[in-house]
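You will see two complexes here that share chain A, one where it goes with chain B and one where it goes with chain C.
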Partner chain A sequence: MDIVVQILLNAVIAGAIYSLLALGFNLIYSTARFFDLGYGALTAVGGYSVFFLYKILGLPLIPSIIFGMIMAGILGWGVSELVYRPLRARKASNTVLLVAALGVLTVIQAGIAILFTSQFQTLSRYVAEQQTYTILGGVITQTQVLILAAGLIIMVLLGVVLKYTRVGKAVRAVADDEEVATIVGINAQRIMGGVFFVGSMIGGLAGISVGFDTGIQPTMGLALLLKGVIAAIIGGIGNVWGGVIGAFVLALVENLGAWQFSGEWKDAIAFLVLILFLLFRPKGILGK
Partner chain B sequence: MEYLIHIAILVCIYGILGLSLNLVIGEAGLLNVTQAAFYGMGAYGAALLITNYDINFFLALLGGIIISAFGSLLIGLVLSRFRGDFYALGSFGFNVIVWSIMLNWQDVTHGPLGIPGIARPALFGFTFSENLTFLILAAVFLALVYGISTFITKSSFGRVLKALREDEEAISVFGYATSYYKLVTFVISASLAAIAGALFASYITFIDPSSFSLNESIFLLSIVILGGLGSSRGAVMGALFLIVLPEALRFVGFPPDVAAQMRQMVYGLILILLMLYRPQGLMGTFRM
Partner chain C sequence: MSTTKTVGILMILVVLVAGGWALFGKGDTQTGPIRIGASLPLTGDAASYGEMMRGGIELAVKEINDQGGINGRQLEVVYEDDACSPTGGTTAFTKLLDADQVSAIVGPVCSPSAAPALPLAQQHHVPTLIIASAPGLTDIGDDIFRIYPSDLLQGKFAAEYVFNTLGKKKVAILYAKDEWGTGLEKTFSARFTELGGTITDSEGADVNATDLRTPLTKIKTSNPELVYIPLHASGGVAVAKQSRQLGLAVPLIGGDYFDTKEFTSVVDTNGIFFTIGKINNSDDFKARVKAATGVDAGLLTPLGYDGVEIIASALKQAGTNPEKLRQAIAATSYTTGVSFPNISFEQNGDLKAAQFEIRVVKNGKSESYVE
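This part shows the complex of A and B:
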């Protein structure tokens, strides 16, 4: 019984992190319409910014996290302006954008590794004193509760902003049809920039969460990104709530699989789920 | 001199991989990021046959090709149902799955420990144990694969592929079964990659899963894109350039860890700059 509770808890925590990844990815994908692999590296940018500020410089926790998110956001925005915008302007195909994004991912990863070495690092200062809670025999740490809360807050915020505010409507308009949106007076370039900024910030937060939960590595981005993408596709791509549902489904399947077989198969299981969904339900759970 | 021979052998092996991948991406226009898996299947297939059953290299090579062809047939059947971005994503997934199998099916592959003591090729009592003789063998295989790939591209089959790449709907209207053409190309390409795998295994005399990860597929993709899609000469040039360039960086005098990261950074920058300024690569005939 205890083990089942623990697996469920682990799935909930992993699901919270995947939700963040899926939320940021979904936002960017549904507006820019290509697989932004560079988004993966921004999770590492968030993680390493906090590592530098909080652990090396010794700044307080909350400002470090906020600054880490902003760093990821600025970099995401900068890449979009410098690389993706000129490509979009000359109507490059998705494949070209995908390959360019692959280059972005590689460059950022290598940059981080040069600055901070490629060693595995943890973000918490006092690992031993981590407060833990016991629920029905399963254990959850304070950090994990905070991650879960952050995931839920961002999901609701994003959902509400996209649905009810003027900016949200503009974003959806650009996502539907960039040209028509421009004709009715929406500054599509600015919206696009904003989407990359906010999406990358959320990705940065996901990286920071992973850093506090387990640890960070320069190459962490690709694996995390792919989890976000898989979650978004399972849930129904472009759908805010779908991404979150997909994230929890993916986390549950992964953790059940890891329990039945062994932890090393997690990534393979995740991709198997993806391929099954692409084959039999490419629109995802909540897809239109 | 030994060092130059070593580089030349690597150029031959990666030239074969570049040629094989060019068939799928450059000629048929499918963004395939699974090639390292087939390269690995060839390497593992040959290595296991050589070490377990003491089979001659050339027969083991054939075994590796058969394993890779069979694997690619299964994977290709699934992938042929996807399009565009999802094709790329699905192929990412299969690379991770195959890699996980290499890493976790410990009874057969010895997992992360790898397979040591793979014998060098021997023919009629002559062993290719000297690197110079091995280079000649590798060059012969490169020439062979080059011949096969130019034969395919010049044949009527190759012309159908080019048409398919430019406009799949139009060619299917003319009654060509496009999925059949894609699948056959995919299997041929994987079989050719298996040759490189077997050569690599018996050259290094040791293999482990780390040589066949997703990053390797991305590296192979950069070779083909740099050289130019749809050009056999380009694929070999891409391999030459991307193998030799980082070796040149080695002499600039960075510490080894930084040098490895600098190399990654150069690969990434090459991809970004190519996409921005020359998406058809150095000598490509096809713009994505």
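This part shows the complex of A and C:
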């Protein structure tokens, strides 16, 4: 095994999950314009929905995953309608929304812990059953290839929809200026709801991916959210392609750091990169 | 009369009443029940440890009181939830020491709770029997005793087992970066190199990290014959999966965090070894616990029982005077216990004779491993 190849592949595997996180976060952030911490908990909602359907009830894999994503989407939409919408109507500041989102994160995590306990759970089947591919001496599993493909497909879909379709233009209009968009006849509330639904579905898929790759815990969300945010900021916040590029850059830097120094430096390196970007290139690699 | 004066008089009254209560209250405890404290995780992730301990404590208290108590006085246990956290530990100990004025304490089970709480017990000179395994906890003072083997011994035992019994001379380590993991890493590598073995690579990992591919990739290129993995359950599961994916096909051996369902119930962990303190838990004892308290005895239940028994026999000899009680506990040689065949303490308060065993994950459960 060539160590460099394997380290690069490890970065690609981690980057695939970060890119899903960044895609969902970017979509919500660029439209709603506040730091939605609750998004983190929706990753766990996706993961635990699949855990319940696929592992406890024994339903087939694909419907379980689709339903898990929908569950995360519905919950994300519901939170936006029940919590964020009244606050926005009241012209609450972003700080208030941030605190409300922190509350959402905590409540969802606690709810999952009550329903499923705080234990670490896995989603995948026996690892030996899994198809693995060898690329230039490095190993990657089928699950990981699928996660990577899902991330790239969602990236292209989002990019195209946002750029070329009527709905996409409406989303961008709301993102630019909610009031003006409302004046020209766009139903901003519905657009906002839709954005939360789709963004949360992507977040849910990220959680499901983590569950299949390693495992899930009720408190998994915050750490994942932060990685998604760092990826989004590196790439250029609000930029669909930038988020994905940022995700792979982050994963690469983390894994090279873990290789050259030691594993425990991974998070420190990730946040150091974040600080460097915030200081010297706040608009990210691609800007907006 | 001005408000200032009223407040002043009220304050004096409060001080007098409280002072009187403290004086006479103290006198009362000489004939009333003797209180001991139990600082255990009763909520949160580690709540099961607290519940296991509680079964043993309750059985011991019941048996002691049924036989007439301690020199005619009943034994009473005050339970406090330390939630396995540092703040929980200090809150629990503050309440037990100041409000309940206990004569001795059993627990904590968790090292994070114990580290900030034990200095309080030492300040009050209240003998405390801990289960928490982080080395150094017993050095906090002479009132701290440990009835579970310290991590120093566990790391040493693992090193000797790997080198002597398994005959592996080149070992890599992937450990959790917390007090427990670093403690095991340090003692393992010290003993292993002393025996003549080589540590090919040693990598730390954040306690919550589950993507351990890059550390494992590095470990794989260092060509070890075995990997020592003192990690928590989630990290252990991640290593089980990812080492196999990366083709790292050498034996894995971890520590006592692996003896939980969340680790053993995952198919990928099948065949992984771990070291753990060997606590006897006879069927007879389990039946007694079940009959008296209605709960099923778990791994730590015998320790709860023995902890109370040791305190009770010291109280019988020495009474509640803290210094005499401490001396009596330090001189303990307890051979009728249900956890270890002999509990007696080193100068620093650690167990003199600790026994460990190797367990292996098999079919979703852990079982004792004999070559």
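Simple rule for what comes next: the second predicted complex is superposed on the first by the 286 of 288 C-alpha atoms of A that agree within 3 Å, B and C clash if a C-alpha of one lies under 4 Å from a C-alpha of the other, contacts with A are read in each partner's own complex, and residues count from 1 in each chain.
We adopt the following convention: contacts are C-beta pairs under 8 Å (C-beta built on N, C-alpha and C of every residue); 3 or more make two chains touch, one makes a residue touch a chain.
For clarity, every value in this text was computed on a predicted model and none was experimentally measured.
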Chain C versus chain B on the shared chain A, clash or fit after superposition: clash
A:100 touches, of chain B and chain C: first, second, both or neither? first
Contacts of A:275 with chain B and chain C, given as first, second, both or neither: first
Touching partner for A:111 - first (chain B), second (chain C), both, neither: first
When both partners are placed on the shared chain, which of chain B and chain C touches more of chain A: B
Chain B versus chain C as contact partner of A:267, first or second or both or neither: both
Partner chain(s) touched by A:13 [first = chain B, second = chain C, both, neither]: second
Partner chain in contact with A:214 - chain B first, chain C second, else both or neither: second
Single chain C stretch clashing with chain B - from 110-118, 164-172, 344-352 or 362-370: 110-118
Overlapping contact positions on chain A, where the chain C interface meets the chain B interface: 118, 262, 264, 267
Residue numbers on chain B that touch chain A, as the complex places them: 31, 78, 81-82, 84-86, 88-90, 92-94, 96-97, 100-101, 103-104, 214, 218, 221, 225, 257-258, 261-262, 264-265, 267-272, 274-276, 279, 288
Touching residues on chain A, where the partner in the complex is chain C: 1, 3, 6-7, 10, 13-14, 118-122, 124-128, 130, 132, 139, 141, 210, 213-215, 217, 223, 255, 258-259, 262-264, 266-267
Residue ranges of chain C in contact with chain A within the complex: 44-45, 174, 177, 203-206, 208-215, 217-218, 220-221, 233-234, 237-238, 240-242, 244-247, 261-262, 266-268
Footprint of chain B on chain A - complex, ascending: 34-35, 83, 86-87, 92-100, 102-111, 113-114, 117-118, 222, 226, 229, 233, 262, 264-265, 267-268, 271-272, 274-275, 278-279, 282
